[in-house]
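Each in structure tokens, the structures are laid out below.
Look for chain A in each of the two complexes below; its partner is chain B in the first and chain C in the second.
Let's turn to the complex of A and B:
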């Protein structure tokens, strides 16, 4: 017999629940909920300093959408980076995981090597790769010259045609290991009997991968795709460290542009950058919802 | 009895604590937020000013918090709108937003201006009011390596100024000889790439029209401007800048010039000394480095070939929300005494906005200062770097085009002129 309430009951009193919840709720309200609300509020105001603000309605949004070429350039860059980066990230991680899953020699060492960049901060990664990409003494150009391909040497971060891709490669280098570890864990969790049965049926490795492994990994892959997508849509730190959005806005992302508008434009008006942030957040939510809906498997796998 | 004595002792302690806190309540602490934490000479000067104020104002304490620039600006952007922040903070002339938003107060009646050069005060004068005390001043200079110049068989004219054609030839000669003609990088700053083009525009247009160009009142399609862009394009195409121009950082470009691999010339503000005149193991130049200073080239059909840019750097403003504005102003006055100005020159090796009177230069850098002063003779000054004057989209366009893409060889003259016009020129 379980007592309904009181001492010895498993159900906690309201006061106890509140005591545990309130601190977390206060922190959440102060550091998440209020800033979000405040950003919405800011986005429809013009700030003139010393707490003077003017309600401007949708004017900031209209200006962004109709009169701001840099915003659209940033949207284009972010979209390119997100689409290519997300696919490459997850596909690359899966391939590395499959490599290790097959039990290649040195797999333990490879796992450590590929995962190490994940543990490094963006600042460190950015600085390392700026050195690697340096025209004169960067390792990439030095190697190209050394193997006789000096004609391909480039100012990788200084050319608008290569800068975004150079940043993307750096980003992939940092995150491939994370995707690899998640995929590898999922691969190890696959039921051995299903894979064993496929082998008994003389199923080749490619058929096994396409018809058995990937469908069973699909929920994991969707999660990785969504996480990767969100991360890239908000990309800031790596670009800021490596190129600052240049040259000629070729690596400008929506996040770096928001920062510039908020802190580099000699104004305390947070209205316009807040409007960009609101607009972009809405886009991210919309795309994530769309992606989840499109990619979600209708049939649940049972094994 | 024991109890009674304990009570008396307790009362005595409470009374003493009360007196103590009363004494402390009379004390005032002035807070200062300053950039340049890594420049020991400047830190020492500002700390000295704090000590001087504490000595002359018993009960007043000065607490200086040292920042790097980005950290300082971020902290101020959060604190000032909330009506908080320090009594005094570091500002630079491009930060006009503090004035337009009313976060700093006019100092006209608070600061003793007789110790500050008028031109430097003008930098901080907006609508007839002066908003900050300028401390650091600098001019744009073209440093060069005397030995490399001699190796090329070139001789600096008596005016220390090559013509634009001779300068282009010099760049070509240097490139042919395997030298980097001009060390410069824009990896972490919004202005170095525009030194050559900016100074050329100033000379070609003269003080008034150059000001108009920066204020959006003169089109970048003006033929004189196009001529300057065309000349700079020739320099770029001749290989004037290093290949890693786009990613080379300011500190690295100093190193490039006076250590490895070395370059013939290095355009830089005279704050060059802050990085160069430190021990070699801390990134400075060797004591025997053959440094020279030449004028930026004379332009053909120029309005003012003797013009050059002078600018104010480190300055200090008083927070409008400060409760101790008089004491804050007293600290600023301590920074601006002739003795502090003299000490600035002797320890920071840089010009200052503070009047110092005649200064005797001695020591290993005496020759450098003599040459620096020589290059100022007969100069007509334009006050302010472009990044101090431009704002918003125009500033962003300047940073992307004139600082990076154009000298980086990524744009044609037409593209650069058109893009600058779109960002900066206010028609009508």
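Let's turn to the complex of A and C:
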């Protein structure tokens, strides 16, 4: 059959299209769509032993919101981690990119090394940092003692006041390289004459950053903010590996709490943790939508 | 301006760059050194060079510390999932990018929606479902879950690339009497190889490092993947720092090899979604 008009062989038999798409759709239906539906179903049920479920309506949700102090503690920790971490992540990545952008001959090799932590698993990164934070022989306390600041030595992961921040530093260490590379790519895509003109106007580097670079990179920065936000709101691996949520719930995140309620509490109730997961996912979607709306509406510099 | 003055002005920047390089790269070198030292040596002085190097620790880790089992479990699951997701994803991407048909946009929207769904929304019921079908605590079950987690990203990357291939190629192939499947297998895949390769390496690294799905879907020691195996070993041998370090090196080794060979591809691939 000769295809009509000039658009070429863009058509295919239904059988061929089905054959190409069905495997993907089956996997999606069985391992993504059905589990999501089932999580919603679980969230309004109470599990009483195997295969015995009782419909409880919104009770799980009410219990979570009104009488679960650990949940609110986890929300507080996750919120702190997310807000501070997201800003630090994107700003830090941008500053690192600017350092490399000015270009030394070593820049290329350096960015490869800076990106390495991004590729390593949370298990590797987490264990390395548990050791670096070790009270007796961890590098951080060793360095503090060596420069005579031994009074500041800490059990970094063992003290409820420092544990969350210690995990945050590790998380930043892992992800800064990612943000740096993305900002660097965006910087290289900028028209050179804009930065050159700023140079001629002799404006200081801070003014250049605030008035020229940040506005011009804004679309990229929004992307990074959203990605970093989502990653931190769902933080599980690193906390689980480094502290398990302790000490005294000081690093408990919503995700680690969901896992504990589902598998560590021996209640075999998947309903309650599913309700938390539904609630928290809704929060994430809501905030992402809000962020993109608010941030995108800002005046953008055209070039 | 005199050249030396210029250098002097840039000195703080260069010092900072070198410092940050040490901060990111240093810990890995430290682990590499510890991997070749025995635990008593490390406890005596954690920050020393591996002299003499104990290469036999790798043999010990491999045999007596069960890392061989964990390594092969990881390899089976990750290789299986990567092959499957590449094939299934490429077929879907070829279809979505090449053919016009009713429901194209809908099918694309459905498959790509997998990228924005938080894993927490699926993981608990995935545990239930795999339990029901006898796939809980099996490598096959974990493999299928992994295919599902990586499908959306794979289709996204491949579709973008396949859509740019010139239509003339496909028209010519059809003139020559190629069937739709032959077009996919003998035109799209070979020409799209750079993109296919990127997804293969990316998926391999992401799944090799994966922890959340594995810890929920696997509890038997004989089925543990490397990240779980190391965590388990750490739990029971907290103080055997030397052997844990050797395990970390074993788990990092495939990634180090891939990164050494394809650093630019990897950096581009990992960040492609965020660059705008």
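General remarks:
The working rule: the second predicted complex is superposed on the first by the 273 of 303 C-alpha atoms of A that agree within 3 Å, B and C clash if a C-alpha of one lies under 4 Å from a C-alpha of the other, contacts with A are read in each partner's own complex, and residues count from 1 in each chain.
The criterion applied here is as follows: a contact is a pair of C-beta atoms (placed from the backbone, for glycine too) under 8 Å apart; a residue touches a chain by one contact, two chains touch by 3 or more.
Model, not experiment: these values are computed from the prediction.
Look at chain A after the overlay: chain B and chain C clash there.
The wider contact with chain A, measured as residues touched, comes from C rather than the other of chain B and chain C. In the superposition on chain A, A:49 contacts chain B only, with no contact to chain C. In the superposed pair of complexes, A:248 makes contact with chain B only, with no contact to chain C.
By the document's definition of touching, both partners, chain B and chain C, reach A:263. Once the two complexes are overlaid on the shared chain, A:290 sits clear of chain B and of chain C alike. In the superposition on chain A, A:207 makes contact with neither chain B nor chain C. In the superposed model, A:159 makes contact with chain B only, not with chain C. Aligning on the C-alpha atoms of chain A brings chain C into conflict with chain B at a single listed stretch, 218-226, out of 38-46, 164-172 or 218-226. Overlaid on A, the two complexes show chain B and chain C touching the same residues of chain A, namely 137, 263.
On chain C, the positions that touch chain A within their shared complex are 10, 13-14, 16-17, 20-21, 23-25, 27-28, 30-31, 43, 46-47, 87-89, 91-92, 94-96, 98-101, 107, 110-111, 114, 117-129, 144-145, 147-148, 151, 155, 167-168, 170-171, 174, 179-181, 184, 205, 208-212, 215-216, 226-227, 230-231, 234, 241, 244, 248, 251-252, 255, 259, 263, 266-267, 270-271, 273-276.
On the side of chain B, the complex with chain A involves touching residues 73-74, 77, 80-81, 94-97, 100-103, 187-188, 242-247, 261, 320, 391-393, 395-396, 399-401, 404-405, 408, 410-411. Every residue of chain A that touches chain B in the complex is listed here, in rising order: 48-51, 70, 130, 133-138, 155, 157-160, 244, 246-249, 260, 263-268. Across the interface of their complex, chain C is touched by residues 7-14, 16-17, 19-21, 23-25, 27-28, 30-36, 38-39, 42, 96, 99-100, 102, 104, 106, 110-124, 127-129, 131-132, 137, 139, 142, 173, 177-178, 181-182, 185-186, 219-220, 223-224, 227, 230, 234, 236-237, 240-241, 255, 258-259, 262-263, 270, 273-274, 277-278, 280-281, 284 of chain A.
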